[in-house]
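What follows is chain A paired twice: with chain B in the first complex and chain C in the second.
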Partner chain A sequence: MTSSSPNIPPSHTDVLIVGAGWAGSIMAKELTEAGLSVTILERGHEHKTAVEGAYPDSIDELRGSVRKRLFQDLSRNSLTIRHTLNQTALPYRQLSAFLPGEGVGGAGLHWSGCQFRATKDDLRLRSVTIERYGHRFIPEDMHLQDYGVTYEELEPYFDKAEKIFGTSGEAHSVNKHITGKGNVFAPDRSDHFPLPPLADTFSGEKFRQACSDVGFHPYSIPAANASQPYTNPYGCQMGPCNFCGYCSGYDCYLYSKASPNVNILPALRPHPRFTLITEAQVLRINLTKDRKHATGATYIDLNTQQENTISADLVILSAFQLYNVHLMLLSGIGQPYDPAKQTGTVGRNFFYQTITSSRIWLPKNQYTNQFIGAGGAGVAIDDFNHPGFDRGPLGFIGGSPIWVNQAGIKPIAAATAGGGKNRPRWGSTYKHDMIETYKHSLSIDAHGSNMTYRDTYLDLDPTWKNVYGQPLLRMTFTWKENDIRMNRYIVEQLKPIAHAMGATRADFNMLEPGQLFDSRFYQTTHLGGGAVMGDNPQTSALNRYLQSWDVSNVFVIGSNAFPQGMGYNPTGLVAALAYWSAHHIRTRYLSSPGPLVPAL
Partner chain B sequence: MTIRISSLFNALLVTTSCILGGEIATAHATSTPNQEIPSSLIEQGHYQAVLGDCMACHSAPGRPTYSGGFPFPLPIGTIYSTNITPDPEHGIGTYSEADFARAVRQGIRKDGSTLYPAMPFPSYARLSDADIHALYVYFHNGVKPQAIAPPENKIMWPLSMRWPLIIWRWLFAPNVQKAQQRTAAEFSDPVLARGAYLVEGAGHCGACHTPRGITMAEKAQTAQDGNAFLAGGSVVEGWFIPSLRQENRTGLGRWSEQDIVDFLKTGRAPTGASFGGMTPVVEHSTHGYSDSDLHAIARFLHQLTPADPHEQPWQYSPQTASALQHADLSARGAQVYIDRCAACHRTDGHGYGTVFPPLAGNPVVMTADPSSVVHIVQSGATIQPLPTSVSAFTMPSFGKTLSDREIADVVSFIRQAWGNQAAPVSEQKVKQLRETMPESTPPSKLPKN
Partner chain C sequence: MTQERDDLMGRHTHRVLTDILSPRPSRRGFLQKAAALSTTILWPSSRGEAQAHTEAPYTPVFFTRDEYRLLEQACECLLPEDENGPGAQTLRVVPFIDHQMQTPYGHGARWYMHPPFQSGPPELGYQLPYSPRELYRTALHFLEHYCQKTYQKTFISLSRAQQEDILTLLEHNTLTLGDIPGVVFFEQLRSNTLEGAFSDPLYGGNHRMQGWIMLGFPGARADFMDWINQHGKAYPFGPVSIPIPHTERG
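Coming up: the complex of A and B.
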């Protein structure tokens, strides 16, 4: 049963998919089920739990978090970064602020496991903002947009994704029946989570109690870290999480963190119509002369350095968000966004995540056991993220969950953090502080939304090239007033919670007015936008089925489709959008290929 | 004569797990009359081939299915399994159904010489005429002829002579009619009768799981032949063969019918997972059994009496878990267990369902001979992916990272913890078992999930 034969590249495939992460694996599974031949081209190599993920080598922090074992090789391809339109961008040469994955599983192999649905308002943010506060509430340079799809439409696909991922969590409302548990602000669901929530860590328990005491509404973060052994509808099995703390940046040796490798590919690989080609760097999607139809893709076999072309009837871009946009720009799919003229859609609406982490110290008789953790384990409140939270008097759009997400602090990270802000970096005080901090502190995050603006976008860099001779992608991005104001307000709300937890010391971290994006420090890998979905081809590159408005046999799946950021982590919505898109390809596109939405 | 035969079979059977079809010489043609063959009959025959696990020996990596060539390196030389495709020159294309039946059930080649008895014809003797017919039809009409010869056997004279095999066959191979009657007469319950037919016949479970006498014949061919039937006890390719009888600790005494069915279907059950020589059996054979046949097998195994009726029933002891959970690592091997094993098998020894097998109460851990458990620690093991259970789970090998002493310590710990109460294992024994340590699966061959 082990497919030992090497995957031979076909000359033609019904469906060609770029990237073997969550989106690519979901699309491949769905479309082989539909009877099509499917080929995935993946730029990186295989990652096997039994080899790289084998215990105890896999939990080597130096190789994992520090030397970035599972992440993108920036020496071959990267992007350039600048803050504003008039600057010259420089290459991102070291993995720091964000960490794109590489290889089979993609970012879905090294992610933490926080798996949220979107709120109802996240999906129609422009409409609800205008309904509630009027047009003038929207800052002039903000590109606030709706997704073109509603929560109700996506609900079955959120549900399906959770069943495939083996998500642990607690429902609040199931078919209008209120359970009395879970997130009181969460929208209604058609079913419970497939697994019960993960147990609270000590830090989570303290936070939960304090939030209740202050009058907030704590809930367990939905986690794709299995709280029990689980077999998903594809027959793929997961082991249960033991809170070892090696989730983000690692391949889970317990097979308990959901990944394409564990949850989808075992059921897909034996399929006779499925081919996965690794070490295949796609250079471009080939189009007909009128640029209205894709004919396949050209890639470099990184083992032989030979170029190869595969023809295809349907092309799915499901690379990391940045590289979906990069490939569209390199291939000429759609019109590049021009911030001066406000024309074109490809590259438009790039966003990040407005995240700051604060730290509090508890009394010395309380041990936070920070070595314990799981990527998705934690307790959150949505009191400042849910639709009903009134932003009017506060003057910002967006919001932020607040959470204690103890994901496991490893030794090098603990030593690097030392005793916190403005404490000695060496000597006996440093050592003492570090020990006290490791034993008694915990971090609380404000994981906020990030809006999109006229001048936050992606295009091709005029100067820098990758090793394949192609222009690098250029990111133009910095923090904007709306999001800084939102973050500062949210971090203020941490203070009563910290007090209720009995904090003896606290470092509250928030963005400062006018603060610029600093790419040198890790924040999060939640990048989005650049090829967004929507109802209007003037402002979105994709229609509501994630189909290119311009090249109707190209679908582009990923967080690139989000028109602006939300307070939650993106993977849950990416997976639901993949199943949503696949459903419409299967039920409508295949019988009559062409635009699923007529262009206006 | 007996001594010479026995030494030959010793070499043959100790080194190979069971199996091995004899060399079938090409002979003169007797063509099959050309007629419409119903596809249901071919399908039935295919199912018989799965039941009998013909694939295990008659297919080799890199060669077409059923074209033989699987090598068995023995101390007396290397022998190769035969081509059983319908190719007239290299396969069995010229065999009539009677020739075929005689080879399968009696171990007699078309030219009259005798098959090496690793071909389990003493078990296959029980196959009904109808099943033989289906199997014959399948191998002639459902399998593609492959005109390739397996490599020549390289056995030195005088052991290359086949005539001593005839005497062995006279002495030990059952008469077909008697064998069929014996198995058929065992049970009036049709499910148990079917279970007996499968276990004693096509499934040839006894080929490995029944101990062999000094002549290398199985000590019992059927449940009626006494407690030796399926009682395990030998070591094949480094793996200790467990009993399939109802011993409470070291047999299947605590396995439910569903556990046995799941194990044979998927290679995994909440009570244990397959390893060693059983893994390919599940992969090529039992995983393809119908559910009703698997239940019949489980029901049949359940009614076997324990070979050792005095075995103290296993009872879970919570002391080990309590000690480990309170950081008491004073027991021999406890530190190694916590560092290397507990993440998956847990401090309570229960493991996790069908993902990570339990160590508490697992028969393989408690057998008197510790070969299997030591070898799993040394070489690692993989629960293989199958169409009905697509996920694979791999335990890493510790042969290079743990010393003989540490392995002895941790295996002793596992054997004594949670109420297991099996004898400890010495460093000397582990060192000795290093000699027969099975090769670890190379990274390129490990499953990709």
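Coming up: the complex of A and C.
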């Protein structure tokens, strides 16, 4: 592909970007608009929705979510995982618990489309926790931090991201006026969503009604799945979603799900100052001897196996959370985190998402048609996620939306899940249970936050290497008591909702005390932290503009910048942070390159 | 027959490897097609010819005859024919698995397979040095060995109840197959069986879409604009499958 591409690698570019996902595409668009030459190096293949996403070949569960067509090829690079500091980490040999993307669009091509803003408290979690409950409320080993940016500062960028993504949703409060039936706990907005909310599936409608009956406050999940035809400010077009159910793990054949491929790259590709080079695995960011300035990047052209170096004035890492941290460690950007000495910041504060899915069964005259759905379609409540929810008596930090998000369950996934907890997994009883479950059940998720701790972090593995001879990234992570307690409390709150929905049977699934992170089963791909933003270079790798404290011409964009997790999905905040960072590069950095915040 | 089947799978493998290179309709044509979708009927009549190829008994390519017969019975235990609908044999699950062993997946092509291989807690995931092909070959060898040692019979000579007992031991990880924990092989076999029963017939299983019919899954229709919410009514239309493109038909 690349050899016939007109995108000839330049020897120098103003801006070099690693990774063509959401963050890389947003930064490339913003910085070409600023008059700069921009080159993206993408490790994977070109992905064009018109080609690979075309009907009917893309409507293929085996090739899609089962054989993982759009996901990372682990044979070239992976990571190792361990639970505790004294354990030997072992390689993540098969994609299972989380599914990083690969190729143009990155994880933004195969995501579902749930597109949230952060709550005000998510961004100031340390400060608000101390204000409300005092220092002692924070567990001793928890690294609770503020982002260094507020909701009010980010609001214009959330708004911009929603207009680019064509987000469907319903507001509650716009410019201090109560306007609709949106999330009553959501902070004020400067504008409405660009599109009205998606319709409720039968399961969503039942959940909405039941939540209201119980006294909770249901709202439509903000979805980057277009409820109507839409043209975004870049002139990129989306078609209306028909609930085909092939969002998560797929490239949307109707151009209804927002992706870099549909919503940004069509406007960027023709730009004369833009170059996209695929099958280009970046090996390292090159630094000056004092490690204070990046000079460009060295990558391997996967078609020729030749190493090539491009020089650049500004370097943007946007290679997915894990690989941003990996590249920083491999390149020597900043100081690696040491959990024993509590020094260094790169790799510090790794976190995940505490999602558990419960299931309820409805009477047999009610069919949930679970194959119908859209990735961001659904109804949620924030009654246990919003800032005013009092955690004090409960003794945990964090929270969780609860939702019915019928995204389209395909038959291999349904058969694999089977008939529910503690039911036979094969044989005639299994078959019967599995068919009944597919026809008459629905799932309700507790999609909760996950805090960061002294010993949840990323560093380089001492043993295993990738095909380029570099050490793999090593993840040290397991579930902690605060987050398990939070999850268990939230799942208890599902019970009255399930009852009000008329459930004939229910499996309430929650984390068990002491439960270890299990890499064999899919959780989410919502990994975060490891190169976090903040106000203090002792505890954050990046300043509040996502600029490296140590190498000021490197910006690192992604969920790596979140100091700890939130109850929501990360993409909405990643996109807003990208636009926020790009704005400050355009308006302040370019005229006077250097640190945008003086180090303390 | 074998040649025809090879051609069918050869075409498919070719598609997987080259599909980003193959010419596709323009976006304009695509949008017109998408607009027309709700009225376009995609019944699999165009695939009749390909399906006719598979009416004759299947000759395995990767598995030996003995391995194949063992798998036929083991898969039928996992997914038996009963009042709920067809089982693994009718759905052609084992031909599907045999096909899969010949794809990059069968070779573990996208797994991280770098040494050293070291065992650890189960929560840290698969740590064996075996691709799916090697896993089947090794596990089936030790499974026959276990049957001989315990019953002095081959797996396929055992009663159904005895076969189910063995699968239960594997599921509960109380039987080890060489260096393969029983549960690892059990989960591999269960996953591949369910894939064979419920994937698009393009891959040789889910014969005549009977797996989908049993589940009430409408296949590749992928347009539910009128069915987003019909207040709990069952979706009324049967399944459709992905046609093999004209250019790739024999």
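Here, the second predicted complex is superposed on the first by the 594 of 600 C-alpha atoms of A that agree within 3 Å, B and C clash if a C-alpha of one lies under 4 Å from a C-alpha of the other, contacts with A are read in each partner's own complex, and residues count from 1 in each chain.
We adopt the following convention: contacts are C-beta pairs under 8 Å (C-beta built on N, C-alpha and C of every residue); 3 or more make two chains touch, one makes a residue touch a chain.
What you see is a predicted model; the values in this text were computed from it and never measured.
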According to the stated criteria, A:His45 is in contact with first (chain B), second (chain C), both, or neither; which is it? second
In the superposed arrangement, which partner chain does A:Ile490 touch: chain B (first), chain C (second), both, or neither? neither
Contacts for A:Ser519 in the overlay, against chain B (first) and chain C (second): which applies, first, second, both or neither? second
In the overlay, answer first, second, both or neither for which of chain B and chain C A:Asn365 touches. second
Looking at the overlay, what does A:Gly235 touch: chain B (first), chain C (second), both, or neither? first
Which superposed partner A:Lys465 touches (first chain B, second chain C, both, neither): second
Based on the superposed arrangement, let me know which partner A:Val379 touches: chain B (first), chain C (second), both, or neither? neither
If you stack the two complexes on chain A, which partner ends up touching A:Val66: first (chain B), second (chain C), both, or neither? second
Larger residue footprint on chain A, choosing between chain B and chain C, goes to C
A:Arg82 in the overlay: touching chain B, chain C, both, or neither? Say first, second, both or neither. second
If you lay the two complexes on top of each other, which residues of chain A touch chain B in one and chain C in the other? 1, 46, 48, 50-51, 54-56, 239-240, 242, 244, 253-254
Residue ranges of chain C in contact with chain A within the complex: 16, 19-22, 24-27, 30-31, 33-34, 37, 42, 77-80, 82-85, 105, 109-114, 116, 118, 120-127, 164, 167, 171, 190-191, 194-195, 197-200, 202-203, 211-212, 214-218, 220-225, 227-235, 242-243
Please name which positions on chain A make contact with chain C in the complex. 1, 45-48, 50-52, 54-57, 59-63, 66-68, 73-75, 78, 81-83, 87-97, 199-202, 204-205, 239-240, 242-246, 253-254, 362, 365-369, 371-372, 410-412, 414-416, 425-428, 431-432, 434-435, 438-439, 463-465, 467, 516-520
Of all residues in chain B, which touch chain A in the complex? 283, 339-340, 343-344, 352-356, 382, 384-394, 396, 443, 445-449
Flag every residue of chain A that touches chain B in the complex, lowest number first. 1-4, 46, 48-51, 54-56, 104, 229, 234-240, 242, 244, 253-255, 261-262, 265-267, 269-270
